[in-house]
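Below you'll find the structure, written out as structure tokens, and then a few comments.
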């Protein structure tokens, strides 16, 4: 059961003692997880970490369809639920949280200062679609603020939303703090109090049928370790409560 | 009989229904105007068009039930259809290869055939580099390479200029004489048919209207089409001893005929007179000049009147008579110059 | 002169260089074998192929500097190229529309022209519904509809069968006679050229090899090509009084010529003998039979020997003489049957 | 002229061709079967009745059709230039035409933003001069779809133009037709089937366009949310809904194409 | 036979065609200019030197080429069937061939997973019988690219087959060639230019394929991360890097296409 077929996919544990850990991670984790992967490899000589970055929903689909993954790090509890519902993982742990910020183009041309400025019909606001985690979070935050705003677009993911601000198409957007930090210099981030009520949790789990077995668990442990937290906070994530 | 066929092809606006028998070594020409069904008949023989009815038997075995690639038939298409991507040699070797010969065997056969049609020097040339006459000979070699029992040629000379045509025609004649299967040749050039065929079958509108030896057909045309083809005036009338009534005219002839009959005479046999002549010619009528055109060294005058006729006269005669279109004139033909036969 | 042109077109493997003068109302036929450059010359006149040199003047004004759509030229293409998506009427109306006529005006012009070529009844038919002859007449009407000063026809009869051809040829003859501009006609059928043209220009390999009135060209061919076309045996030799030396033979002629000269005679003028005859014919030579083919009602014998020659004899004579290919035979021509002229 | 060959006599199609052909067909069609099996049939009617579905479908059909029209207006002349005018560097131009084909659509969308966005090279000027902004509008959807789909039209039409018999154009020129008249009254009618086939490819591609559209025009119900966008978002939360939407899109396009294609492909 | 018309005499191209053609060209090419302007030229050499770039490029070229080969093997016979065999319901089959064109690629990827995934209709069986799994392998990339790109090949080749002169095939049949021999030795050589043109479209589309690939084959460096996937990931972290990668992809494909296309399009 553990090793999945001789002609199996490239991610299966290689022969000759070298081990492989296959991590399916949300695209927003590209930077941080790549760094953590290097750390893991350094700590476990002979083991390589292979990442499959993509949309959390796609990754969940792939896992349900039998993808040979060891670890799944999702950008929302909902997508993780797809996997746990299929009994492919149990006991996911939240390893990071991401809070929203208002992102405005460098120089803030529309003079946005706080959340309610977004209700001004002259301000073009980009939001994530409610189907994706950042959109769900934004909806929660707006509801908490009692604001009803009409965005010009509901983007497929947070990067697309940010691109709109970066290129000046939108005057403001609600995106994650991590994204604002990553795009430092091109966008400015504005904190707002209601963000606290719309925190997005990132769950991680070693998968039940993980071909890499114990190594999967070890990777999850690394993410949850102090070292992991350090990398994540540096990128703007909030550490998950212990 | 090598070939014994009854070809029936029904199309929305056209029906072909002809019977065809060809002896071994015989060359039969299908002659007819555009749209008569000549190509359709050949395609039916080759298996490229389905029969609606009838049968085809070759050497006593039924052919019409087999698909095209399993008929022992060679076909030369009107514009040759040499495969543009193959050399002359490979074009000719194509058939033997398909019929199971090894590559070298097929090439040997092909080289021998190209030699026979005098094109050994052009074996490696691609079709686009061949002149029309050369292409025609390659097409013939290609068709012969499969050792067919039935050879079909669709207007094999139509694409050639008058000069090349003369040469290629006699070459073709020689090759056909060497071939011991049945040959069916389609053409609308009477000269090609006369030179190449042992027997003519004239098809009009999907049906046979006349057949026979070339000289016989040329001498005794039975339809306007054939008459024009061989350059005769032809009328159909009612024989009554040595006279044949055609409309209001009665032609005197030397033949004695009763009942429906044809009378034919050459345009050169007609004499024209400005006033009613008083001489021996027995066949005399008044006509109106419909048109005048040069015709070789002579002048051809079109006559309207009780019968339409062509008349060939010399330019000198034209000048003497001072003919102009619309003018009334007398025309006569000696009875000895007419040729009458039963319809 | 309506048309005065010197056409030079250089191609990698071919050069056309001909001078052309056509008077108003005159019809000039360009005659020549495949690839001679006839079509190239017409295309150059129409502006579809660029001149490499030379000039074209029509009614005294230079034409070669103008693009095709601004030349007062009408062209009938070999396969007519009627626009398949337009009715016969709209095909004819196309030119006048392009030259600025209103829609109704153009249609009136077109209807009148269709009437003139006898196709008023087919005005609404699409080209695919027209027979070859009808299509040819529509193409002619379309070319005439722009009131050209120069009419160009590329093999206008080549696509027709022998039957239709006769009729259409005389119709075309009539229409060309009515046209007062210059006409250049390309053909490789000598009969078409004889019937339709006032003057023939024979082009071979991009250059003019002979020109003159049809009868003149037919009587005095100057190249093998022309001789074959008109059905004559032709030799070039050296005149010396009433004798012309051709290789080892010396032909006696009635004309007195000195220096380079041609001698021509008809295949029918040659008599064949199994043994050396002892008679009046002055021109006698021994030859080998190269081939025998039927030729109309007669038989054509190809001779090889000191000169190559065609001989036409009757089938009866063939039977009497019992000729077979490869046989040695004596051939003779009476001096009165030969025709000699300076080369 | 050539008679249509009669297939009854032509012999059975050879297995060596039929087998790969059927494999190919299966390869293209089986995934559709996968979708059909997974489709939540019981809830299908309810899902289809949702107004957003109809809205997205309507928007998709309208924008794909307008985008095809835009491609025809700009692409047919471009194809004509490539086929008929002796351009220097024609090979390079033709290769450049395929750029939107190779560019990942999302990058295509970014590139469009860089040029036609509010701060873009041309978009800037469009806004200040005409007050026109394309992103986040239905017009933006059309632009994105046209950008991605136009290469198909241009390449198909260029092929048709090269295959067309140039001699009809020459005949028209001798009748006094200018190049424009020749194009309008002779060339275009003659290559109409090729143009139609190109338009079909173009329309189908525009209908399925996702990446460039969402990147350049965004995603707002009623103005810019076409079916593929709706499908993508549904995929995030409810894969079944995504399958239903995809099937609707496919059904509509197959019905439209099956109704139209044969006439175009078979006319000579 | 028809002489090539001389363009010097043909009059100037009319503005009414040149203007839309240039607009169309600008529309296709200007976004590329936008990317070029935004490209981080100073850091470009360093970025290009990164081994992953070369790796992704190599993988893209290899998979697109193999996918094109697969499409040729399956698609040409399919096009032949559509063009030459009297199928019942041919119009429907032809419309179904366009399915991958209309299906949003991500959904296409999901559909492929449903059919060829480890738990899929056929994938299950493939694994148990042959031990072959396609998803998340380089072979999976090829499958995804072939699925998306095949319609272009099939439609182009069918068009070429319909335009080809059938009489050569008849001539071959009278020489005793079976339908397979006719196809192999006559039809295929005659429509080679059309097949080549279709293969070019197919290759370009495969090269730019993203959605179906990432969904069906995942995004593993070295095995399944093609250039478009690398572009997508770069977009997550460094948009400049994404532009560089896109430009590399475009440059390579334009160079290859400019080197090849003219020969194919112009040969008759």
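By letter and in written order, the chains are A, B, C, D and E; residue numbering begins at 1 in each of them.
Note that in this section a residue touches a chain if its C-beta (ideal position, glycine included) is under 8 Å from a C-beta of that chain, and two chains touch if they have at least 3 such contacts.
Keep in mind the model is a prediction, meaning the values are calculated, not measured.
Undergrad: Please state whether A-E or B-E has more C-beta contact pairs across its interface.
TA: Contact tally favours A-E.
Undergrad: Using each chain's Cα centroid, which is most distant from the centroid of chain B?
TA: A
Undergrad: When the centre of a chain is set as the mean of its C-alpha atoms, what distance in Å lies between chain C and chain D?
TA: Here chain C and chain D have centroids separated by 54 Å.
Undergrad: Rounded to a whole Å, what is the gap between the Cα centroids of chain A and chain D?
TA: So the centroids are 35 Å from each other.
Undergrad: Based only on mean CA positions, could you tell me how far chain B sits from chain C in angstrom?
TA: A distance of 23 Å separates the two centres.
Undergrad: Could you check chain E for residues that touch two or more other chains and list them?
TA: In chain E, residues 5, 10-11, 106, 110, 114, 120, 167, 170, 173, 178-179, 232, 235, 239 touch at least two other chains, as defined above.
Undergrad: Could you check chain A for residues that touch two or more other chains and list them?
TA: Chain A, residues with two or more chain partners: 58, 61, 163.
Undergrad: Give me the residues of chain B that touch two or more other chains.
TA: 47-48, 67-70 - these are the residues of chain B that touch more than one other chain.
Undergrad: How about chain A: which of its residues touch chain D in the complex?
TA: Residues 55-58, 61, 78-79, 124, 126, 129, 131-132, 151-156, 160, 163-164, 167-169.
Undergrad: Quick one: which bits of chain D touch chain A in the complex? Just the residue numbers, please.
TA: 106, 110, 113-114, 117-120, 135-136, 214-215, 217-221, 224-225, 229, 232-237, 239
Undergrad: Please give the residue numbers of chain E that touch chain B in the complex, ascending.
TA: Where chain E meets chain B, its residues are 167-168, 170-179, 181-182, 185-186, 189-190.
Undergrad: Please name which positions on chain B make contact with chain C in the complex.
TA: 33-35, 131-132, 160-164, 166, 169-170, 173-174, 188-191, 194-195, 214-215, 218, 225, 228-229, 291, 293-297, 302
Undergrad: Quick one: in the complex, what on chain E touches chain D?
TA: Per the touch definition, chain E meets chain D at residues 2, 5, 7, 10-14, 16-21, 23-25, 27-35, 37-38, 73-75, 77-78, 80-81, 84-86, 90-108, 110-112, 114-116, 120-122, 146-147, 150-152, 154-156, 158-159, 162-163, 165-167, 169-170, 173, 178-180, 183, 194, 197, 200-201, 204-205, 207-208, 210-211, 227-228, 231-232, 235, 239, 242-243, 246, 249-250, 253-255, 257-258, 261-262, 265-266.
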